[in-house]
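Two complexes, one shared chain (subunit A), two partners (subunit B, subunit C).
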Partner chain A sequence: MSVTTRKPPAEKSAKDDSQLRQKEMIARHYSRLARAPETGEKNVYTFVPGNLTELLRSFDLLPVLPEINALQSGMRGKSGDYIALAEKLGHSEDVCTYVKCDIGMLKSGNVGPTGERLPKPDLLLLSYTGCFTFMKWFELLKQEYDCPVVMLHVPYQADGRITESMRTYVSTQIRKKLIPALEQVSGRKYDEDRLKECLQRSAQAEEDLVWVLQSAKNRPSPIDAWFGAVYYVGPIFSAFRGTEEAVEYYRALRAEIAERVAQKLGPVTPDGLLTEEKYRLVVEGPPNWTSFREFWRMFAEEGAVVVASTYTKVGGTYDFGFRHDADRPIETMAEYCMGCYTNLDLQTRVGILERYVKEYAADGLLVNSVKSCNSFSAGQLAMLREVESRTGRPAGFIESDLVDPRYFSAANIKNRLESFLQMIAQKRGGPA
Partner chain B sequence: MKYCVGIDLGSTTTKAVVVDEAARVLGRGITNSRSSYDAACQVAVTEALHDARFAQIAGELAHMGVEADRRAAWVRDIERGFREQQYRTQLLTLREELRGAVALREHDAALEQALATIQERMGAESKALFAADANRKSDFFRDLAGSRYLEHAEKLARKKGSGLSFDTLVGLFDKAILEVEARSTEAGAFAEHALHAARELPERSRELERAIEAAAAIPMEEASSVGTGYGRARLPFPKERIRSEILCHGLGAHLMFPRTRTVLDIGGQDTKAIQVDESGIVTSFQMNDRCAAGCGRYLGYIADEMNLGLHELGPMACNSKRAVRINSTCTVFAGAELRERLSLGEQREDILAGLHRAIILRAMSLLSRSGGVKDEFTFTGGVARNPAAVGALKDLVRENYGELTINISSESIYTGALGAALFAWREWNRKEVAA
Partner chain C sequence: MKENLPALVARAAELCRDWRLPSVRAWKQRTGGLAIGYLPVYVPREVFHAQGALAVGLTGAGDDLEIIKGDAFYQSYICHLPRSTIELGLNGSLDCLDGIVFPATCDVIRNLSGVWRMQFPQKMSRYLDVPQNFEREMGGAFYRHELEDIAREVHERGGKQLEAETLRASIRAYNENRRLVRALFALRRNEPWKLPTAELYVVLRAGLVLPVEEHTQLLRDYRDLALLDAERRPMDQARVVLTGSFCEQPPLGLIKTLERAGCYIVDDDFVPVLRWLKGDVSEQGDPLANLVAAFLEDAIDSPVRYCGDGTKGQDLVRRVEESKAEGVLFCAPSFCDPALLDQPMAQAALDGRGIPWTSFKYAENTGQFQVIREQAGTFADSIKLWSEA
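Then we have the complex of A and B:
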């Protein structure tokens, strides 16, 4: 009864295929970046939320994502030292740990998570200013690299919608500020046909990703839509949206998950296949990266599966219909910049969580409030209460951090998680 | 008779509650948590069963028609005598363990002589230690024997030319006490100790001895058990017999005060704010995160800083006329603030009152995040026994939520174990019904 996982049987390697392919894609990208000083390829540092990968790719520019570097450093046990170094350089304990991890990495020789040195940026591009810290982060990088910076001012969706004037405001900035800067850095003319091809490929990959994420409506869910899905959103939110590689990856992933649905298989966890789905959860907030597997195991050991998460919408929100639209190339990118999850007002976020709890038939909502990220954390407790009262299902609250290992208290988190799960069991009159 | 048991393995103490087939509380037991979780659990359960036996003795006496006052006095006296017998038995174990520890060292006649002297003195004073009017600061063998041992050891080591090292003597005790605690279930032997205590009474009573024999003869069979608390992952139970302490405290508070809707538990290393429904089912909770400031240990630390006993803090703080405002929520910083305030000439009781208010302010924040304070409000955990903490809580609840009923039970330390016992009973009952 206490054993809910088992090692995957030898023939069950389909899941590992997509994960393997994803790892290879990312490793290849890092190698290409490492060789850039020799090959002469130019790169742009930019962030995950609302990024403009298609546009960069249409100029043959390579994206570098500092948050991805930070989370990868966190998963590989390097972030603690980087953060300590950044603090030594004068960054306060209360600063976002992604920033400190990145600064520490930079000051340690800018060696990326795969062990290869990352190139200096040819441009710093901020396409989402909803996170104020991003601005400060690039200000610090600018001091370091003395390279050009483009900052788009992106309006907040305070009323939960994008107005015509908001769209025009961002589109104009893309046309008048960003495109000329990219032409300058790349030495190429803006090629709208090439951009449209990228956007078409984006839409195709997005379609498959949405299908994969929504497969969690099945019982049992074939995926874990938080821990497992961070691998799934990796390519689309980082350097690959708009590439043929991404299209192929998502096609293969979809086929793989379709097979799991057909076989009524649960997700694969760090300890193997989850054989008994006891709790279906919706999760709000990012995961913790420094103890990622340990954290996931705490869920898997209890038979808890995440069926929907908001973190997997951190780059962009697709599940309510948005797809990149090649017919309106600039406007669609402007909408994408404004459509990432943390750019949505609290009422919209509550509405999304409510829909998730109901549509995915979840037993409850769990919030992982991270110390680093106020874009996520501000208002979370009020959101939790609201979702609780609208759905009538229990809600739980745990606290950790992104990449600072000092803020992951395993005993405390396990205690709260188990209490929350037992609370669910008790409420449904089960064996609590 | 069949019984179900709930165990709450806390960071400071381990508690057990035993209930009968009708889910009525039979007995409660407590011991200090220790390196061996198994031993701590066993001792707590044994203590709870002893407590149940005393209740059974009272029951037998009532059955025999002994009047209430007399019954109570007898049970109180034999319980005291029983504790003394237990203490003496454990002293013998300590002697054995000390012998074992000293045998591992190079032969040292002075040291062996000193140990013999200490033990002789400890044996001689055990009667006084358990006298009717004696004031024991703790009932745990480690604390009781430890403080006596240290006092005697210090006296001997201080003597000029003794050639004894106090540190060596302390080291031997520290080593031996671990073994004693691991073996302390041996101190059991209920009937033997209780009868011995009865025979030692100034007026022997055949009735009392018969009652003890009758009670001790009632067969006790464990039907089910559930564990909870910080050490619960290491409780000697299968996983399905372990419950979160949040659920256990919620249910325990509901059992003690059925109209409870909000529970605050301040334990050694965590603070929990819990909302429950009319059946004691948890609907929401918040716990302290990342940092244990504002928990029971905070007071322990302050007590150490001020060279006071933990139980002396509250009463002293209650004498305050003007509480000092303490800003630090960090335990260590509060210690620094305490020293600074003392150096500025502030009164100890005023500083202490401020510290108590600071810990309750942390709890108020957790309560509001869990959904506020609703009527009735039940305060549990070790800190609920501290009058200054209770006073600060009452004031702050009134200021923020108005007048409402605040429940504090003298048995509040057993809240988690009581909830666990009821979970155990439900488990057993479900199986009984199914069978």
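Then we have the complex of A and C:
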């Protein structure tokens, strides 16, 4: 094992300013949700991919994202019990653990990850984007809550493009199904000017986020674009896109990273600053949340930095030019939904990975295949071979799960990761 | 001379079993038409029929083929159907197909469309996104466009142009087929000893590879021959509805095992493409609009079809009551998201009505049925011994 990090002064995990700031933002949002029954603020449960936060915010509605609850529960060591409870209630061991974590949390009193009770939904907005399980998830929630539900069906980009028929389909649903439902729940009329302001702010934040993610093209990379970037995408994926807070956060984040670039600093890992970048990796798939820091350490200890990842595009793919366009408010939201990573066909996903490997000068591709998510995982082995063949760079494969601690085998993952890194090293040195 | 019942059932079973699709190859040789494969659970076969193409339902390789290459494409926690589909593609069994349609059944089949494209870029590979919004103006308009687009692609590959009159004739042909399927289901509900599910299943499944006209004749012959068989008498079996097997199909041995364990399967969801549309599709007016309307407004309840009003499971209760079933078998493939995510809702609905159920899982190549036999046998015994009836 080679140590390539500079330890932080305290025993606890090191965090940079932006990480702390986003943590505060998320905590504040959970507190606001917890107070909603008293303040009278209404909320909408919806999903990260295809979330229409600007639209909700324009009605003064607060988003609640069940996947974020689940991953936060996973990081706080609560998901195992929630999953066990859901399985005891009849949910299969074979299915998505985000769903089971959410059901378990609900059945345990719906106490959110920060320890405060989450409000019941005033509306279930089923943004059916890139994941079949979403549909079943909200059917399950509909059985638990006596509130309206709106299905927004977002077609899959099977041919790697958005057709006029797809755009019209989603836009019409937004106009004719979703907006009337939001008016009903919020008691407010649809205000397009207000929505446009939100969308303008979204575009600003997206611009800065892309700059931050692309800063990983530098050597050394100032960020870890998977482990570290899950903090960076937190505000824009969860509840803040379209808000002034998000604009400020991403402006500050950009400044922070620009400073790191200027100083030629590597990313801050749980054990402090990564001082030596030995491997540059592209990662496909979500991280494991239950052993997140342990997982990250495995990479950091080897000097492996993730320079680009696909997980950070599930809530929106911005790095190929898409920005929310306030001049076409409904259509731009439709296009946003359809462009989320898991709504893209495998060929497009392969193309993205190929570009990442080449443009970020990565040493190889690593797939973290999670048991829970067929949307991501089914087809990853074929994708891996295709990327390997197109780039000539090695690819590795590890398996874990999102929030089920039973599926995180540290020794197994570490072995596979080390073997993969050895393979890269061997390739660099020519034939063994 | 009409073939006898065992010969007819054996012929149907052979059509199901032979994943090399000899009947499809023979049809192509005979007609020169295109053969378009499709994955479960539903595609509008009428469109292909009207274009002179044979719609060929793909259900993997069952328990007859050892999967070697296919396993290299899928992790252990993904169901079996995509592995055997890839295996069949790689070993040449599906070469006779001019294209494959992958409907929006689940994420695995959706992504299989991408894997297929990577492996077989020269073949037509088409994802069919079906609407989960069931209003004509929205989901209907989208779905119509999807169908027109598929028809255009089939035409570009050598199929006939989609014409209203031929499509209307195709709808007529499939309506007749659906009527017979409904009649057979009704017969089995009333007298399950006359139409054992292991037989009915293969006769229905033959419809995945036969031209609809031939399949309709097969259904008619089967009905007539089965009703003539005076040897078939009722036994003291438990009447059950089987649910969860709408995509990856169980091995035939599993169905036989359930019947031998003391269950009369009086309703099931095997090969749902044959019954996806509950009634007849209108044969008047714009035929494509009629197909769209039938999909939106007259389709069966299914785990892959959105149910937003909180009534999940009620349709299963209705089926139990209509078929006078005494219990339900949840029989789903391992790792099948739609079936397994649906199950708690369906089970809650049954519990609410005091309807007993049991559940187990399978893969298409499951080879050991002893545990399932014991479970199903115990379930059937408990119904017969302890039910109020």
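One rule holds for everything that comes next: the second predicted complex is superposed on the first by the 419 of 432 C-alpha atoms of A that agree within 3 Å, B and C clash if a C-alpha of one lies under 4 Å from a C-alpha of the other, contacts with A are read in each partner's own complex, and residues count from 1 in each chain.
In the analysis below, a residue touches a chain if its C-beta (ideal position, glycine included) is under 8 Å from a C-beta of that chain, and two chains touch if they have at least 3 such contacts.
On a predicted model such as this, the values are computed, not experimentally measured, just so you know.
In the superposition on chain A, contact is made by A:381 with both subunit B and subunit C. With both structures placed on the common chain, the touch criterion links A:426 to subunit B but leaves subunit C unconnected. When the shared chain is aligned, subunit C comes close enough to touch A:140, but subunit B does not. Within the superposed three-chain model, A:399 lies in touch with subunit B and with subunit C [touch as defined at top].
When the shared chain is aligned, no partner comes close enough to touch A:263: not subunit B, not subunit C. After superposition on the shared chain, subunit A has more residues touched by C, the comparison being subunit B against subunit C. In the superposition on chain A, A:275 makes contact with neither subunit B nor subunit C.
When the shared chain is aligned, no partner comes close enough to touch A:39: not subunit B, not subunit C. Applying the stated contact rule after C-alpha superposition, one finds that A:412 touches subunit B and leaves subunit C untouched. Subunit A uses residues 381, 399 to touch subunit B in one structure and subunit C in the other.
Subunit A makes touch with subunit B in their complex at residues 1-2, 381, 385, 388, 394-395, 397-399, 407, 409, 411-412, 414-416, 418-419, 422-423, 426-427, 431-432. Residues of subunit C that touch subunit A in their complex: 72-75, 77-78, 82, 104, 106-108, 110-115, 117-119, 126-127, 129, 131-133, 137-139, 141-142, 145-146, 149, 303-304, 306-310, 312, 334-338, 340-345, 347-348, 361. Residues of subunit B touching subunit A in their complex: 230, 233, 238-240, 243-247, 270, 281-287, 289-290, 369, 371, 423, 427.
Contacts from subunit A toward subunit C in the complex involve residues 89-92, 94-96, 99, 126, 128, 131-133, 135-140, 142-143, 149, 151, 153, 155-156, 158-159, 163, 165-166, 168-169, 172-173, 176-177, 345-347, 349-350, 369, 371, 374-375, 377-382, 386, 399.
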